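In the two assemblies presented below, subunit A is common to both, partnered first by subunit B and then by subunit C.
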Partner chain A sequence: MSDATLDMPVGGTAQRAGNEPLVAADGTPLKQKLAQTTRRMKLRALMLTMPLVLFVLIAFVAPIGDMLFRSLYNPTGSNVVPAFAEAIQQWDGQDLPSEETVKIFVEDLAKARRSREIGRTVGNLATRLNYELPGYRSLVTKTARRAARITEGPYKEALFAIDKRWEERIVWTTLQRITKDYTLAFYLAATDRKYDADGSIVQADELYRIYVPILWKTIWVSALITALCFIIAYPVSYLLSTLPLRISNLLMILVLLPFWTSLLVRTSAWIAMLQTEGVVNNIFVYLGIITDESRIQMIYNLQGTIIAMVHILLPFMILPLYSVMKTIPPSYMRAARSMGASGTYAFMRVYFPQTVPGIAAGTLLVFILAIGYYITPALVGGNDGLLISNLIADHIKKTLNWSLGAALGTILLVVVLVFYWLYNKLVGVDNLKFG
Partner chain B sequence: MNKSASQSQARDDAFVRFENVQKSYDGEVLVVKDLNVDIAEGEFLTMLGPSGSGKTTSLMMLAGFEPATHGEIYLAGESINNVPPNKRGIGMVFQNYALFPHMTVAENLAFPLKVRRMGRADIEERVQRALDMVELPQMGGRRPAQLSGGQQQRVAVARALVFEPKLVLMDEPLGALDKQLREQMQYEIKHIHENLGVTVVYVTHDQTEALTMSDRVAVFEDGVIQQLSAPDELYERPQNSFVAQFIGENNKFDGTVSAISNDSCTVELNGGGTVQAARVGDLVGQGDRTTLSLRPERVEIAPKNGALPNVLTGEIIELIYLGDHIRTRMRVAGNEEFIVKVPNSADHVPLAEGAKVNVGWKTEDCRALDPL
Partner chain C sequence: MKLKNMLLGTVFGAAVAFGATAAMADGHAKELTVVSWGGAYTKSQVEAYHKPFIEETGIQIKSEDYNGGIAEIKAQVEAGNVTWDIVDVELSDAVRACDEGLIEPLDPSILPAGADGTPAQEDFLEGTLHECAVANIVWSTIFSYDTTKITGDVPTTMADFFNTEKWPGKRGLRKGAKVNLEFALIADGVPAAEVYDVLATPEGVDRAFAKLDTIKDDVVWWEAGAQPPQLLADGEVLMTTAYNGRIFNAVAGEGKPFEIVWDGQVWDLDLWVIPKGAKNKEAAMEFLKFSTATEQLAAQASYISYGPARKSSAPLVGKFHNADIDMGPQMPTAPENLTNAVQNNFEFWADNADQLNERFNAWLAG
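Then we have the complex of A and B:
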């Protein structure tokens, strides 16, 4: 712009000279005015999303935050033996704690035994200790029963008399650790690790290493299910996208039909199909493929989990694939063919690359759903078909070790986020097309 | 252009030949009925016709994407009914261009060359030449989505030509462009055709496009070629009423043939009056109903007495000033849509709405065609 135009009154009201900012008709700077007007619009838009935002905050963000918190925060120790919890922190971890500290411990135990308050009973402490030192539950309960009778020192000797294990240093270092409110112990447990007597992190005993193997198994089973879904869904989606609308709509209903049936019903149907006295085995026997004695175990194991989950998750693969394929006009393939490409070549170079956004969306969707799937493995998984989410549910519902459940849940969340991040690196999330 | 050469092409050395080709998609309706066309090498042949008349279907049969239900298609003397599309060596331009969105322009152009396993250097050189040809030398690195419609169109043309096919098919390649760009592209495609000497089969439903670009035009209607001739022939000597109506503007009168002679006939108009009209083959005989066809620019307003054999009186209903000519709508022999284009010359007769004037024309300009 030349100076001449700069000096020209714009519309007679707003003027601009030199470097002064543009002003609106009422004299406020234009930028500010614009911000004012757009702020009102933004506020309105925000109001519209308020119900959703609230819902997400209450039903999603808060529970996840709570889960993260629980996995790190466990006040059982300090609840049951509060005075001891403070005293033991002075101990340097050498030899055994002082006579004074042990006295406080005995008194706290005696007090706790009389307590009937949920979360503050001796049993709670015993369980908590047992998480870290399997088999040491009885040590606490037994001692607590007799604690009231110990009225004078030496307290250490009194404890040794009750149980020899009080002479082990690891009992006291563990007590020192679990009476702190914040702990990494549950993450260690969730990754098959533990503290040794000196407080350094070591692998758990062979027998107790279950979570990492199950996590790996969950990941590869989910990957396998995703791959199977892809192999089945790709040709079906292609067919759906090329057939005349009338027929493809009909087939689409068949694809969507599972969505209209309860998940429980579908999973039960697989039980009816696959059990040893089930439809599939009966047919095999009838056809003479197998004998009546050698019926195949197809359910209540990993195989059953995979079959049922592939079936249940299939629509999540078909729908994004279909919606992407639907937008690819047949003229691309025709153009490639007219230029001399064979059918396979044209497919690999022209059609397939264009379906990548659908593949990416479908595989991500199925994988993430599969990795956290609970109900189907629980119903048809038997023992070896259990996945990580079943263990989480166990800890939440049966063993009531919520902290460990939360730690496992958090690890699962992190795994999913890592996969999502990897995906974003490889495919680019903007390239995903869900529908 | 050597129209006479292409018209007199002997059947035997036709480059492309449709022989009694029929096509039905559903087994109930014939979408293409008994198609017989010979196309000479180097010819620019356009298939023109209303929507659904079977143009694309005919093109797809030639390209090999749809099998002919009946009949034979020959390319360079060989039947290609059983040759798959990738073995036919036919270039194709689609209406939506069908440029591969996940490849750059250069990769798009290289595609047919890569399929043919050409050397890298060779491919690069040809791609660059093709880009130069369509005047987009710098655009090789872009994605199709980053090009304007007209540029995409050019790339599509370049891609269909880059592997030097003998035959190129274009299905409404300019359909998505605005008028100005269309006209420019028409010129450019025509230019490329002349330079390369490639045979082009072109589909459009824009008659101006067909007339300006083609050596010959095949007018399709309902799966049948109504007329196949050079543009001037098509416009000036339509063989039937459909063609006369479809191509250009046309005044029509319904009437009955009262007498016939060698190359003309006398027609009693339904709206009153008698005129002499040219006969078209044996299309109409004595006593038959007929529809007369007369181009607006062949009508003379207020002709001198006795100068023209056919003179009727009409009433001016509407005048539209168009600069170079005045479009005059009149009521003549009961026809209220009778259009005359009066050139805006210095001495043209003064016109006024409501005025009565004589209109006249030569016998050979008025053709007696089949009744509509």
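Then we have the complex of A and C:
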């Protein structure tokens, strides 16, 4: 605008008179000019937020979208045996597929056998079938090795001769299902269920149920950690907020120092403290509380996971509590007491309600962080201290069943959102106060 | 203006630095990355394969360790950034990786003939040449104990390993279903030859888990091959399963008082595979041909007690490299060690590993 003012003819302002609309230096009406300028400023503001928007899109929305997609979309079947994938959909699921369909299957297998392209090999189809019918992997690879030699019918008989499992209807119903690109099978597996021969959904065998129990365990362990953090943090925060600033700052550093220390260092420190040859056990033995033979197993189990995680997540509870308590004037409590309320009554009716926003923020933070925690359980969880995120990592890194990993990840995300919604209903997100 | 200059400077500096790293990477292109299982085993390969190979070809070798499985190969191939050139894998993993197109097909006719002139295809033991992999050694999982801790009545059978009443104390086992289920069945009285027939039935799997249940509370789980000798030495466990070569080297190389029990051993192959799209494929092929030649396989056997995959290497196997110990009787394939032995059934594990590991994890967490 300053440029415009400079260019303005000297007499410009003197010309203004009567009902003529106000004009800017370049002659456009002032209203229009203003709209133009605000638009430009809005655009500039938008441009300034673009890096953040892009970052969120690339680093957050896209990966989560990809995860959701992968958990439902698995084109392995139609990639490996494309012609069969179309033909088998005509089958009504009774008896066995027609001779013609089986012929297409044999031809497709022979073709796929020559493929070395990732995602289109016989091995990929075999692995995909094996996810839903454990133990049937070699049925596909073995048959594919001989498929090229089957040049004339009857094709069904030829398959039966290779392996009599081809006579089982469930093999064909499963093949029919996995040659569709979109599937719910991974969500079923993630909730300990599966399809039977007729395509109905049934519970997995009891010995193979693993994900639902672990999910429940993750939820209650996170709730327990949150409760423990609250019980420890509340008095500490109260102390911090009421002590003179000089002392409370010193104590605050004791809270913040571990907060700034690397997660790995703190977890390893707990290993050094709690292991059977560790500091705590040594002290117990020295004091004669336990004998050298009966050292207590305190880490590499669920107990170790809980202890280490409570310690690591504690600052996330203390900091919001402290910042809220700091704003509560001590005169409120004194007023309540002076009007005859007992100490407990004044605390419950006057002090505690004012700390609720801090409690809300602290518990939400700790619970959500705990439910997806990975490193600490992986390091100190042993066998029974593992949580759902460790199983997800296992499927991404070891078994390579990325679709199942994605389905489990999506379920975890939904669980967190449900808890957030519940929380909003109970406490109200507007009541949160992080400080 | 100042900010602009600074920005320009940073961008320029970054570009130069980036260019420099790229140039350096080019300069090192002739470095072959060989991936194996670490510890005493990798050391035996460095002595028998890497050092003579570097001397002969001038190609530098970078040695990396891993704990088995095809996850890393798959991740590298699918991301199109293959940093491993040649990898030492177990048979069931080689078969699966080959089926899924993750590794290069290999033509056995390119392999050199044996030192005695036998063509490679006849010289290699049966089942050691695969369409995508070439075996170098035969190795075994056995169990072992410390002779200073167990005196008097010593364990001699797989059933003794599971007998925590007679020999109370912790047991070391590899974390996973493979081999442990075989051991459990053998300990439960299943003859070695029938192990996989029994394991193929749901009742057989139940039976194996029931047997593992009897020692579950006493088990310390290990993952890397170097761990079990350490667990024994530290007194963390009374007995442990282990790869036979690791125990042998702790005894022969470090004078540890360990004893190997061969009853119920489960033997397997280790094979070289070349990941698809390996950056130094040519050099990797050269290394593969070089390391699986008669002399190299025989030389490796003097550094660790794993049997060479070539028949022509057997007569050349002598003594341990720095002690007066005949290597022959230390091999998993020595006749006296094979009286009650199982060969790992790669097809069974390629088929059932996912499901059984899932059950194993559920069992472990429960």
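Rule of thumb we're sticking to: the second predicted complex is superposed on the first by the 390 of 435 C-alpha atoms of A that agree within 3 Å, B and C clash if a C-alpha of one lies under 4 Å from a C-alpha of the other, contacts with A are read in each partner's own complex, and residues count from 1 in each chain.
We adopt the following convention: a residue touches a chain if its C-beta (ideal position, glycine included) is under 8 Å from a C-beta of that chain, and two chains touch if they have at least 3 such contacts.
Keep in mind it's a predicted model, so treat the numbers as computed, not measured.
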**Request:** Identify whether subunit B and subunit C fit side by side or clash on subunit A in the overlaid structures.
**Result:** fit
**Message:** With both complexes superposed on chain A, which partner does A:353 reach: first (subunit B), second (subunit C), both or neither?
**Reply:** first
**Item:** Partner chain in contact with A:60 - subunit B first, subunit C second, else both or neither
**Value:** neither
**Message:** Taking the superposition on A as described, I'd like to know which of subunit B and subunit C A:216 touches: first, second, both or neither.
**Reply:** neither
**Prompt:** More subunit A residues touched by subunit B or by subunit C?
**Reply:** C
**Asked** Of the partners subunit B and subunit C, which touch A:182 in the superposed model: first, second, both, neither?
**Response** neither
**Asked** Just subunit B (first), just subunit C (second), both, or neither: which does A:421 touch?
**Response** neither
**Request:** Examine A:136 and indicate which partner it touches, taking first as subunit B and second as subunit C; both and neither are also allowed.
**Result:** second
**Prompt:** What is the minimum C-alpha distance, in Å, between subunit B and subunit C after the two complexes are superposed on chain A?
**Reply:** 46
**Fill in**
Per the touch rule, the subunit B residues reaching subunit A in their complex are 63-65, 84-92, 94-96, 98, 100-102, 111-112, 115-116, 159-160, 163, 169
**Complete:** Within the complex, subunit C is touched by subunit A residues 115-118, 120-124, 126-127, 130-131, 134-138, 141, 207-210, 213-214, 383-384, 386, 391, 394, 397-401
**Message:** Using the touch definition from the top, list the residues of subunit C that touch subunit A in their complex.
**Reply:** 69-71, 74, 77-78, 96, 98-102, 105, 206, 209, 221, 276, 347, 350-352, 354-355, 357-359, 361-366
**Fill in**
subunit A residues touching subunit B in their complex are 329, 331-332, 334-343, 345-346, 349-350, 353-354
